[in-house]
Each structure stands twice: as structure tokens, then as C-alpha cells.
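Should a chain be cited, it is by its letter among A, B, C, D and E, assigned in written order, with residues numbered from 1 in that chain.
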């Protein structure tokens, strides 16, 4: 079997479930792959490791970084997009006059540095949010809970549970995708030389991963969850269940184009639209050859559609 | 101090009858290292007296002086000090080493006790200047200690001790690093100062000549542990001037003092 | 200082009292302001968590402590070695000290990714921790090495001492007090360095240290556990400092002004 | 040291040569290994970026420098004040030094959220930077304050100097050399502190500092700009250190062993 | 050194005819602070000679001694040193201050020159022990410098300088902090050492008595800037023992030396 390393962008969690599923149920093995998942973390640098050739595949967060990669001549390309919607959301406390998207402009916003230089620029350009209202979010929810007049970023699949458990209230959740931030998320990236030289390997990895995701969403996720908990001992069953439920509820993985083309689907139109959004928000240059940031050669083949239940 | 107004010519009788300024009674001192520096030391410094401490190196003179000043506590015995705490900074102390503040110029070092006593700036500066000149360092007021020779440093230390015109002056070999000419001049200055202000002086010296020339009384110590082995009351017929050094009495008393020190040294030997 | 029996008891009682007072103040602040445990847990809760989560926390503590000690050793050795080299001549110091300063001010988060590309995770962590902790050792040791009594230096020169002999017999002992101050600073910094390095360069997973616990507990809003981990870090810091202070005292006890007490 | 003309030129030439050599080595490493610019850009590229991005970078530099200087002032004042308090008595030092150690070892990322709850962002940033930088000042100053020549102390006691007078006229000048070593360490740490604090607690907006630039450039994979920002931090660190070393030299020139040269 | 084998009784003529060990020719020295410490100093130390330097405090004696040792470079003039660099650590130097390593015990301090010269451990220990005893500090080998009195520290310094039995001995007021008894004993020890090993000695003292008792030749300096104002060749009829101190010649030469110093002091005054 071909040895393959896949770097994620966070600690093992349900949002990576399909990949673990493919490891756990032998899908990768069936496709002749021996996959090692390298979890990321708050300061992990798996993206650079991919560029440097230390990893074969990397799990990207959204499309902005691939655009940057083109701008910086980094030979990396997106080969599949597992999440049709970015789970990135803004959370606020209900009943504090922060109950609509427009209200959020009055709130103190806890945004991580990475968010500030990405989606927040879009919020700024498209809706008039201001940077001086932001505070750094260091993945600690306490400041948000302490300040009723604040809002914070979070993954829709994760933070709401923590807030509900600790703060004792169910937060308002504003999914950025619902307000126009239509990037793909949880992509599979690899280097151009891999695409050129080992197209077959890439295809096998993409296909097996897609199948893993179908099985994680619609089959029995227990084996994958067990693997996740081994990789991240602090992960709880409650959290795993919550995340899975939310992914289904919001159609994070299996919605839109994916319903027809299968999980992992990408379309030129969608990417073009997001690129124009990025240009308007100052996140990319209008002249950028953004089409070089992805390839549709490995997706939209309807792989695994039969597994949906 | 009242008994002492007649200048340099005074009989030795007065201070010997004067009340005690400091009494050490049965004082012992042992250091943490285990050395027994003093044991059963009885020593009285009378008011207005000029007392010399003689003794072999390491016999405990500095230790005794520090106890007198209250800088060290005795391990046993009692210390009585009858110097009015009322009259301000009245102890002048000359350490065996110059003990200057390396970051301060000579003038600032000498001025220190005045500054600490709250004397006005101009006044302090004037008095320090005068004292610096007195010890032969005119023109060195703006020098730093490390730019001075060993003897010059010691003179700065001396100037600092004298600048407050203290009532009690404790000096640990103040003149050891000086040439004889400077030494003689400072000896005379000290006598004049003492005559003018009637201060009480206890000082350590290794020169028997100096001790006889200056002191009313010489206490000879021997070491290991330090105790008093001899006491010489110096008889000076007239004023103590260079002429005194020429008298037969002076020579005779020097011989006596030397013999006493030699005896003390011999006593110290078989530790 | 010779302490009487009473004073000796006091010397233990006072710190304990101060500590107890601090805990009490903490408790009162939490109680009176009704601060919820997810913002600032009360000390009793932290203590309880410390006990209940001990299996997890102790394992992490052990990982962090090992990194800390390794970092301290490496930082000390490196700092002293650099100081010795820099003390050899003004040219060397002038030419290469800037690089030491650059190393000191380089943000770990920025260089960690680079290190991770070229080093094993363990080596990367150690390098980061070293970068954080070495500078005070270097600075203080160098200051000590270059402030030798000039007369003693002359004495060595007169006796035709080799550079090595001068270093070993004169400069190093003379620098000892100053070095030990630097070491005491480095003790705490090595701990910080271990934590920062773990966050910036650490591989996550099974053998994760206290930094990981803190981030992870913070992420999951398990604030009591986060504070329990912080408490462990604090205790470790104080213990490390105390040990180094004791070492200092033992080494300098008999000859240095700071420790030889004067009676009076 | 009286330098001849040649030696004086050398004292400038050597550091410049060393620096040039380092740049050359860097360039060669990049060139020979064919390291792509998104991993490690060559020095020329970094310099070009520094020039081209100067408008953005200079604004950020200015923000970071302001925080750094504020942090340095606060850390120095705080460190010295604490050292003075601790020097007053063994009891105070024994009782409260542990808290200073705890403050030193507390990870900023852990306390920043707490600070953000109760302080304004500016105050939070300053607090974080202070926590990072104060300890070496405290340690070194305290060591200096407590290693005073015992005879000089006796002299002050004999002259019935008040505690204040003893502090101002004896302990503080005596502690100056040691304090200045601490200050030079704190200079770099204040810079690090400003950067860490900015990441952990800083408000954003137009006036964002170099830390933000680094994160941003990192996110955008604009590695040359990231290195340009790092270069600015390095230069700032060296300049701060140099200024503090110069200050040190001026203050100690005339009386301290480390700076008074012996001829021979 | 060959001219000097007959022990303590030797005529003063031999060393005066001996070749120069160190010559200072027109030496000037100014310090960065601006002080002109020496100016046009001509001074020759002959091989096997015992030279005393006398002069008022601050006249430049220590500076001259440091230049002789090669510890300081003259600002002008030339220094010629004819001491074979071949024969190992052959300069013994006693600084004006004790200059001990505070972190080392007395024994280690004294042993230092031997250790640096690579003398074997046991041998070094034995010789240091012996020298410590010589200066009257038996039993203090394990003490630290700060546990010693001022005079004791100076004796450690002395022991350190003598322990290598150096061919050239430069001493800056080595006995100033010592009591007369110890001083006399060490004086005699020095004479014996010199007689036994024929070393060249230059030493600074403030005691004219001591200079006459010890030296073959006395050079008197005056200060600001330092220069030689007088030179006295000491005539000693017999061996230099306590008896010498009783002779009329001794007293007469002491007077002459004193007068020379007084003259130098007067010359130094109007700086």
C-alpha cells in the first residue's frame, strides 16, 4: 500500500470524522493506501509542512489560503472540498439586543487573529463591522460569558455546546455562510507535483475520503469516534454527538452541489463567486489567477452517492 | 567634656577621673566561624580621653572597636554607652579599610555624614571642602575613589570621620597607609581638634611611637582570645608638639609601650 | 543571621500566612462578586479539581517538568558557554552579542514553524525553550565575568596564568554570584519556555504537557481544570526558584556579601 | 580602553563583517538547498519586501515600539519598586517573593482572557507585557540592593541614616550595576512581551503592531513579509539593547570595574 | 645574583655594581582622569639589590611599582626589564591592598601562584602550609579572607608573594597593617629569604626606620608629578639584626632618610 500522511488543521474532532472513518473501517486500505492522520492544533503548521513536502495532503480551512498560495507562488492546489459550508459562526447571548446579524455591529466581538485577517475582512467590507470593536479570541469562552454585550466566533458544531453547558443559555448562532461567506471548507489540498506525478494516488485518496465521510454521516461512526478519542483523549461522546448532529442539521457536508455531485463537490461558479467576494473585501487581488488554486479533476464524480441514506 | 577647655596643654589627670563614655565589661565575642575573637575584655573609655589600643595583628582590636561603636553585639558581657543620643551624629568612625562609596566623588564621600545629618547644602559643601584641604587633598574633591592612591583614600575616610566634629571618634589604624610627614601633621591636627572640641577618642595603631605621642592612656591587648594585658598611662609634661618627641620621657614611654606589645605578642603566640 | 527560636518559627509562619491570606482574598473576591467558576473558580474548587484530575494533570506536569529541566540545563550551559566566549574579547562580544539579542527577541510563534520543518518535535520544543531562557544566564554571567577585581586580574597576569586558568580560577568564581541571579531568572523562564514551546511546537496527543491541558481545558471551558493546571505551574515555578535560591545560598554562603550576615 | 586609530576602525568593522557574514550564510543556505521563499526567503528578498511594504510595516513597528517602551517603563518601575520593598526585610521577601515568581511563570495566554474581562485592552496589553518583563529587573535589583558592602552599611547606621537615606544614597547606587544588567534583559523581554500581549490581549484595528502583521502575513502565506516583520523586531531589539548598554556605560563609566579599563 | 651568596652580611657595594634588573628611563605616566602621576622618572633596580621607595602619599610609588612589574604601561619614557622570562613565575608582587580571592580559603589563596605554575598538588600544599606558618597564620589555612583581620589578610597576601620564592619581589607597603613585633619578625624573614635566594627586592614603605633597616638603597620620591628627589645608599657595618637598630649609624641614616622624605613632602606641596 502507498504510505500517505494527511495533516488536519485542529485536534481530532468530529469535524474530521470522515477521514478517521476511512482509516477505521479500512476504506483507505481498500484503496491501497496506508494513511497516517497528523492532527493540528492551536499553533500547528501543517500547511507549511505540506508545502515543504513533509505531508502529502493537508486539510485546508477555507479558500482564502489557496488564493494566497497562488499569490505567493506556493505550489499547492485544492483537490476536494468536504464542507460545502464553512461552519464558522458568530455567537451572541439572546435578549441583549444582539439578536440579529445587524445588531452584532454593536457588540464587542471576540475574533481569533486568523479570523481577523480572513472572514472578518469580509464582515467589515460587506456589512461595516469595525476592527476596533474586536478583542482577541484565544479559544477561551470565559470573556464572552462574562460580558453580555459581547459576541464571539466559533464553529457551529462546537462552541455552542460549550456555551450552553457553562453559560447555561442557548446562544444565538449566526452561520457566516448564511450571510454570504460562501467559501468551501475542510478542503483537501496537496502539492501540484503530487497532482502531476501521482494523479492516481490523489484520486484514490479523495475517493476513499469521500466514502469515509458518507459512512461517518450515514453509517455507524463508533469506530471513527473511538479513533478520534484515542488521538484526542479529552474529546467527549457528548461533543462528538453534538458536532455530528449539527453537521447534519446545517448541511455542512452534504448539501447544495454535493447532493448531485457527491461529497467533495466543487464548481467553478461557486469559487468564482467567492473569489469576487474576496476581492471586494480586500482579501485577494482582482488580477489573481485564482483558478490555479484548485482543480476539479478529482471530484464531482458522484462517488459514494449510493451510500447516502 | 567640660573638663577639657584648656587646649593642648592639660594634665593627664583630668580624663582619667572623668566618667566613662563607653564601658566594656567582661565582653566576649565569637564569630560564626568559631573564632573566639574576644574573651572577658574589660575596657573603659573615659569622656574626653584619648585612648590608644595596641596589640598584635588579629588580637581583636577592630572587633573591640566595632563593639564600642555598637556595630557588633558582644556574644557575652555587657556594653554601656554614655554618649547622649541627643546630640546628633556624634560618632566618627574610621574603618581599617577606606570604605568609600565608589560611585561618589571625594567631596560627596566626605560630605556624606553632613548630608545624612541634614546640614544645609552650602554649609556642608564648605565644611567638606575645608576638611579635604586639612587632609592634604585640596584639588581632589571631584576625583572618584578609584582614581586615588591608597593613602589618599584613607585620608578621605579620615576627612569623612572628622567632618562632623564628632564627640566620639573611633579610629582603626587611620594613619597606617600614610607617610611619616603626613602622619605627623595629621597627628597634630587630631590633637588640635581634640583640644578645640574636647572629643573622646579611641584609636587603634600599630605604632608605639604614635600611641605615646597621642594618647592619654594606652591599652595593650593580646590575642586568641583578645583580652587586655597591659595599660600605660602616658605622662606628657608640656604640650604635645614635635618637641615632645625629643624628650627622654617620650623615648622611655615608647620603650615601655613596645615592651608591653612584645609581651602581648608573646602571650598571643601559643594560641 | 542567628535566629532565635521564635524568629525561626516566624520565618516559616510568615510565608505560610501570606499564602493563606492570598487564598482567602481570592476566595472572598470570587464569593463577594459572585464570579462564576467558568471565569474564576474559587480556590477550593481548584483544589478539588487538582485532586480529581490528578491522573491527567500529573502526567502533564511530568512532561512539562522534564522539558523545563532539559531547557534549563541547555539554557544554562548555552548561556554560560556564550558568556565565556564573549568574555574572551571585546571584538567577539561586539560582533556576536547582537545575534544573542536577536535570538532573545525573536518571537517563538514565528520561528516554531520553521523549526518544526527541520527538527524533530522534541528538538524543536527544546530549542524554543532554550531561546526563551538562555538570555538572562548569558547577560548575568557575562556581567560577572567582566567585572573581576582588576588587581586580581593583574595578579593572574603576573603569574603568567593561561587564559584557561584565569577563566577557571578567577573569572568563573567571580562571576558566580551574578550567574546565580541569572540562573534564578532562567528557572522561571525555562518553565515558561517549556509551556510556550509546547504550544508553539509541541506535538499534541498522548504525552502532552500542562500547556496543552490549559489550552484544551480553556477551549472546553473546563476553567477549574485550567486553573488547576495553572496552580501546578505556579507551584512548579516556586519550587524551582526555591531550589535555585537554596543552591545559591549554599554556594555563596561563606564568602559573599549578600549571604554573610553581619551581626549587630 | 584607549584605542588606536586602527583598533577603532576594527571595533566598527568587526560587527559589520559578522553581520555581513551571517547574511551571506543565510543567502547561501537558501540558495544551495534551493529552499523556496515560502519556507525561508533569502535576505535580499526580505530586504526588498522591507522596502516595498515599508508604509504598512513602519506603522506597525511604531505601534509595537510604543507598547514596548511603555512596558519597559512599567516593568522597570514595578521591578525596582518590588525590589525595594523586598529589600526592606527578610520576612517581606520570604513572604511575597513567591508571588513574584508565580507572576513570572504564569503563561500569558492563560491569564489574558481574565485580564480582558476586567481591563481595557490597552491596560491588558500593558499588564501582559509587564508580567513578561519585570522579573529580571526585580531579581537583579534585589540582588544588588542586598549585596551592599557591609562596612558602608555600618557607616550609614553609625550616622543614623534613615531607611530612606540608606536606600537612596547607599543601596540604590550600589545596586545600579546589577540593576542595569536586569534592565538590559528586560529591554528584549519588553519587546517580546509587547508582541505576546498583542496576540493574546491586544485590540485590533488600524493601528495593529508587528505581531498582527506576522500573524496576518503567516495566514496569507506572505512569508517574505513575515520575515521582514521579524527583521524589524530583531533590529528593534538590537537597538533597544544597544541603547540600554550605552546608558549603562555612561552611568557606570567612571567608577565601576566592568567599565573602567586598566591599561597595560 | 652570583654576587650574593654570603648571607646577611655583605657589603652594599656588590649590588650597586650589579647589572640592572629593571630600568625606568624618563618614565611619565598620566591617567585618563588627567592626573600626571609620574614625569621623567629615572629609576634603576639592580640585580640582587634591596631597594626601598619612600615618598609622600600620592607621589606615585604604587604607579612606579606597577610599571616595574609590567602591570601598567608608561605614557612616556622607556622601561627595560632584564629578568629572564625563562625562569617561570619569577615575580612576586604584594599589592597595597590584600587582593585576595574572597571565594578561596587562605590555603588556596597562598597556593595560587604554585597552582598556576603547575607545581604538584602535594608539594604546593606543603609549601603553602609552610609559608602560612611563616607569616604567623598557622591554623587559619581553612579560613576565608573575610574571616580574617586586616593585618592577617595582608599577611596572606605576603605569603602568596613569597611562596614561589620569586627572583624579583615587588612589594607595596607590605607591612603597614602589622604590629611592630610581627613586622620586625617578617623584616628579618625577608632578609633571610633574600640572603638564601639572592632575590631582587623593591618595596614601598612609609617607615624610614624600616627602609634603613632593610634596604641597600633608598630612593625618595616627591609627588605631583612623581619623580626621584633623593637617593640614599645605606651603610650597614655588620649583619642586619636587631643590633643594627641600636647603632648610631642606623639612627643617623634614619634621620637622613626622614629629612629626605620631609624635603620631598615639601616639594610635593605646591602642586
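Following the convention adopted for this analysis, a residue touches a chain if its C-beta (ideal position, glycine included) is under 8 Å from a C-beta of that chain, and two chains touch if they have at least 3 such contacts.
The chain list, named the UniProt way, goes like this: B, E = Nitrate/sulfonate/bicarbonate ABC transporter ATP-binding protein; C, D = ABC transporter permease.
The model shown is predicted, which means the values in this text are computed figures rather than measured ones.
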Q) Chains shared as neighbours by chain B and chain C? A) D, E
Q: State the chain with the largest centre-to-centre distance from chain B, centres being mean CA positions.
A: A
Q. How many angstrom lie between the CA centroids of chain A and chain D, rounded to a whole number?
A. 39
Q. Roughly how far is chain A from chain B, going centre to centre by Cα mean, in whole Å?
A. 87
**Q.** Distance from the mean Cα position of chain E to that of chain D, given in whole angstrom
**A.** 50
Q) Which integer distance in Å separates the CA centroid of chain B from that of chain E? A) 28
Q.
I need the residues of chain B touching at least two other chains; which ones are they?
A. 70-71, 97, 144
(Q) Residues touching two or more other chains, restricted to chain D: which are they? (A) 39, 109, 113-114, 117, 149, 154, 157, 199, 256, 260, 262, 264
Q. Among the residues of chain A, which are close enough to touch at least two other chains?
A. 48, 52, 138, 140, 142, 146
(Q) Quick check on the complex: what are the chain E residues that touch chain B? (A) 31, 33, 35, 54-58, 61-62, 96-97, 136, 139, 143-144, 147-152, 155, 172-173, 176-183, 206-208, 258, 261-262, 265, 271
Q: Can you check the complex and tell me which residues of chain C touch chain A?
A: 36, 38-39, 109, 112-113, 116-117, 199-202, 204-206, 212, 215-221, 223
Q: Spell out the part of chain C that touches chain D in their complex, as residue ranges.
A: 1, 10-11, 14-15, 17-19, 22, 39-40, 90-91, 94-99, 101-102, 104-107, 109-111, 113-114, 117, 135-136, 139-140, 143, 146-150, 153-154, 157, 177-178, 181, 184-185, 188-189, 191-192, 195-196, 199, 211, 214-215, 218, 226, 230, 233-234, 236-238, 241, 256-258, 260, 262, 264
Q | In the complex, chain A residues that touch chain C | A | 11, 39, 41-45, 48-49, 52, 54, 138-142, 145-146, 162-163, 165-167, 231-234, 239
Q | chain B to chain D touching residues, read off their complex | A | 66, 69-71, 88-89, 91, 93, 95, 97, 99, 101-104, 112-113, 115-117, 144-146
